[in-house]
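What follows is a set of structures for review.
After this come two complexes, each holding chain A, first together with chain B and then together with chain C.
This part shows the complex of A and B:
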């Protein structure tokens, strides 16, 4: 398979690892868009990323000119193989001091990044795949919701999503109708806001940041930014890992693996409104990596 | 009450949750941050199990490690029917032990492949997958010949034993390690039978049997 030539994707910021799991000063090896990368987080928390090479055993041996763009954001190291924008998409809630901010896990998944985003946006599978947690029969209806492509923010926004959930989070004490808002501010990243069981006026934030290893394999980084004063970190992580572990076989059995962008390729239903908008948005951007572009 | 030191995505921990569910025994769970926290290698956990592996149980002051060993213990102590581990049947006990060892082989291959693909363990992925296929082929043939003789389970009994529980999880999760089961029809039929045992529960990555037939 050829290395990535999709300039839209090359010019994006991409996550490569969780800062919490990178021992200060230790070099981590990973892959992004079929290129081997190394990164290191300094004791000051600043990441350095470079294309792996045998003569460089640490960031101090990599001249500035050979370093890739790098930044720390939302608990992860981000880099780019092209010319990335000055800013990464905002998640203002991440700065709120009373939130629990955790990398629930980074999992390798045999799926294309866009297929994983679509699954993240889908509420229809909750009762069947996340039975008795995020959904339960007979509450299977995906009620009408709104989707817009925000032009000024260049992102997809799905609002007024509601779903009955038996156990929406570690802080839940029973079933409840849960409000959702989904954002897709990056072709391979999505941010979900859902009602907090502990504070009616606020929402828990759960994000999925996909690191494309190649067109059909990702590392999925799961960010939690939630309101929960009582549960231990590992209990909060376990909840999200349980959910993601249920999605994994579904993701890995999607066919074709790359997401078809031709509107006639797969038959959507009303509940797939956000997925339709997502596919259209990828087409408009001219994304070709991880997708099957619509015939011109 | 039994305490299980548990990680949700561990097939070896699932073996014990499964048996306890079949037997209807209550237990308490202590979640271990196996990944990404590596809590099973922490100082406090190594005092419980110097091998730094899950699962571990604590019961009446007894601390026990190793999924297969714990299956033997739980079935011997808590199964009044004596079917899951029939202590009075030497031939069957021998068979069960043989397949418990085989289950360890499945862990060393199919589970290793899954750890490589999903959690980035530094294993020889080709060797792990080839090893799993070799074991799956052997089990598939064994189950196929069993079916011809009217035997539904791994061992020579008219009911499942802990050998079935020990082999089940990492076979069910094998696709996560890039090991498809298309070529093992007898294994697939046996998996479906396991899923229809009364009291069956799932873990993340394992789905229940379809509603085609009521549970036995």
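This part shows the complex of A and C:
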């Protein structure tokens, strides 16, 4: 497989690792878009990223000209192999002081980044893949919801999403509809807002940031930014890891692994409105990496 | 060679690879298959992708009748591979044409054979009579098929009768591109082994050996072990050689595109009152007093996919057309079973079916149409059947029974001898609640009891004679059932149709305006103008000819719409209903 030549993707910011899991001063090795990268987070929390080379054992041995763009955001180190925009997409809730913010997991998944995004946007699989957690038969209906592509923000927004969840909150023992809002502000990143079980007026934020190793392999970084003062970190993480562990085997059994953008490659239903919008958006942007572009 | 291989039959599994309710992952020339045997014995070989989002169906669930995708629970029917249910939209019947790609399946010599584009039949193999053959375990080899065939020519084994010996002489009896037949002799013992090589991919093959006879008990195990050891050795040698050579590129299977109409999930396509299918009456029997059962089998090919609640039009020898519900359970796709009640005042429909039509006769039927779709997201479903109204509800109850969803089937009939399809009813177990010999008043009282305790999330389906159906709807409304939870199907429209009005109909999408005079229906006028609109009962009962009203006030004369739908005024049955306003604009 050729290295990435898709300039849309090359010019994006991409996550390469959780800051909390990088020991200060230690060099981490990773892969982004088929290139080997090294990064190091300084004691000041500032990351340095460079293309791996045998002569550099630490950031201080890498001349400034050879460093890649780098920044820390939402608990992760981000970099780019091209010319990234000045700003990363906003998640204002991340700054709210009473939220728990943590990297719930980083999972290797044998699938393209866009397939993983579609799975993140999808509610119809809750009763089948996350049985008795996010959904349960016979409550299988995906009710009508709204999707728009926001022009000024250049992101997909799905609102009025509702899905029946058994044990929806700790306060009641029955199931209820849970509200979701989904954003796709980046071809390989998505953010969801979900009714908080502890505060009716606010929403938990869960984001997925996909690090494309190549067209058909990703590392999925899961950010949690939730209202929960009681649970231990490991309990919160374990929940998300259970959910993602259920999605992983499904994602790895999807064919083709790259996301087909030809509308006739697969059969959409109304429940897939957000996925249809996502595929169109990728087509309009001219994304070719991790997808099978529609024949012109 | 591989190009030519596409038109040949190849073994893709052993029959023993398809145990009860398993889904086997097969591969041929780079294309993956989901292979599964339904409880009725039929072997399905399908493209290994759900049409929805490309998830492998080999990780799906075989419930004996249907294959369910793990990702979103889409159900695909035995034999037809048509999608019968999409759980995300429980109130909609899936478009009939969502059908997975199927490949032919033939069981022979203990193996399952298939082909991408077969020419001719599965090969006859001299020396392998059907009967006590022994299919060996398939041995997968990471090497091209032609190299595996070359190695098999030098394969040596002991005949079954001298499995512990070592003096056998093995001779090549025949060798072809994808098979080698070897005969082994040791003294008086002799075994013919035919070794087929399945080209799974450019660099992957499966050796499927078949011996001309089986052995009993421990000898059977010894024979299997003997070949397993020797073929495994052959594999190891072949793979060791291949390790030094560059592997050929894997074959990229070509996935067919879905049709343009499915890519947008539109309304069902329009079709007139056509009888595209020819079936024979495979069985006709008395299933209850006054009710004849008919089992209709296709003359050629397979029947289209149906969903519970669907009906077919039966075109009778006397020219009459009648609608009958399909009573089949899920996955029973080799025939359609219908029940026909002899009407006392029959105008020729049921009388013809009872008296004229015999086993072996050919009938023309329409494709199944579903205007009475079953939701499967109810916390509990109640079916109320009166008499022959059992037929669509029986199909529905069997579907819920198969999925273990909570339901009750209340079957009102004059007596035990009037209960139709006893074998199917029996399989429903405790969910079946017969109510026998009740007067109309007693029926009302019983319905009041049955319909108490409505809770949000419950659904009610009613089918039966008009007066009983009216009573049940009224009682349900009194007991707090909202219109949206009550679903019904009338046998016929007994309303007196008033066709005295005349008005104008504008068809928005067709860009034509038509005059509907007194004495003609909207449907007739549209047809006369060459606009093809689907229809079935043409008396306002079945819902097939329903159109969307964009503007104007409909004069409803049908029995398909419920009160809320009538009041909304957005739908119209074009076969009987008319306009109160001078003009109607329809979305046609």
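The rule is simple: the second predicted complex is superposed on the first by the 288 of 296 C-alpha atoms of A that agree within 3 Å, B and C clash if a C-alpha of one lies under 4 Å from a C-alpha of the other, contacts with A are read in each partner's own complex, and residues count from 1 in each chain.
One rule holds for everything that comes next: a contact is a pair of C-beta atoms (placed from the backbone, for glycine too) under 8 Å apart; a residue touches a chain by one contact, two chains touch by 3 or more.
All values reported here derive from a predicted model rather than from experimental measurement.
Asker: Please indicate which partner A:127 is in contact with in the superposed arrangement: first for chain B, second for chain C, both, or neither.
Answerer: In the superposed model, A:127 contacts chain C only, not chain B.
Asker: In the overlay, answer first, second, both or neither for which of chain B and chain C A:61 touches.
Answerer: neither
Asker: After the superposition on A, what does A:256 contact: first (chain B), second (chain C), both or neither?
Answerer: The second partner, chain C, only.
Asker: Taking the superposition on A as described, I'd like to know which of chain B and chain C A:150 touches: first, second, both or neither.
Answerer: neither
Asker: Tell me which partner A:268 touches in the superposition: chain B (first), chain C (second), both or neither.
Answerer: second
Asker: Identify the partner contact of A:140: answer first if only chain B is touched, second if only chain C is, both if each is, neither if none is.
Answerer: The answer is second: A:140 touches chain C but not chain B.
Asker: Check the residue A:108 against both partner chains and state whether it touches chain B (first), chain C (second), both, or neither.
Answerer: Touch status of A:108: first partner only.
Asker: Does the superposition put A:7 against chain B (first), chain C (second), both, or neither?
Answerer: neither
Asker: Pick out the shared contact residues on chain A: the ones touching chain B in one complex and chain C in the other.
Answerer: In chain A, positions 249, 253 sit in both the chain B and chain C interfaces.
Asker: Going by the contact rule at the top, pick out the chain A residues touching chain C in the complex.
Answerer: 118, 124-125, 127-129, 137-142, 249-250, 253-256, 260, 262-271
Asker: Residue numbers of chain B touching chain A in their complex, please.
Answerer: Touch list, chain B to chain A: 7-9, 31-33, 35-37, 39, 117-120, 175-176, 178, 203-205, 207.
Asker: Per the contact definition, I'd like the list of chain A residues that touch chain B in the complex.
Answerer: Touch list, chain A to chain B: 18, 20-21, 103, 105-110, 219, 232-235, 237-238, 241-246, 248-249, 252-253.
Asker: For chain C, which residues count as touching chain A in their complex?
Answerer: The contact residues of chain C facing chain A are 32, 48-49, 51-56, 59, 70-73, 86-91, 98, 255, 257-260, 262-265, 376-379, 405, 457.
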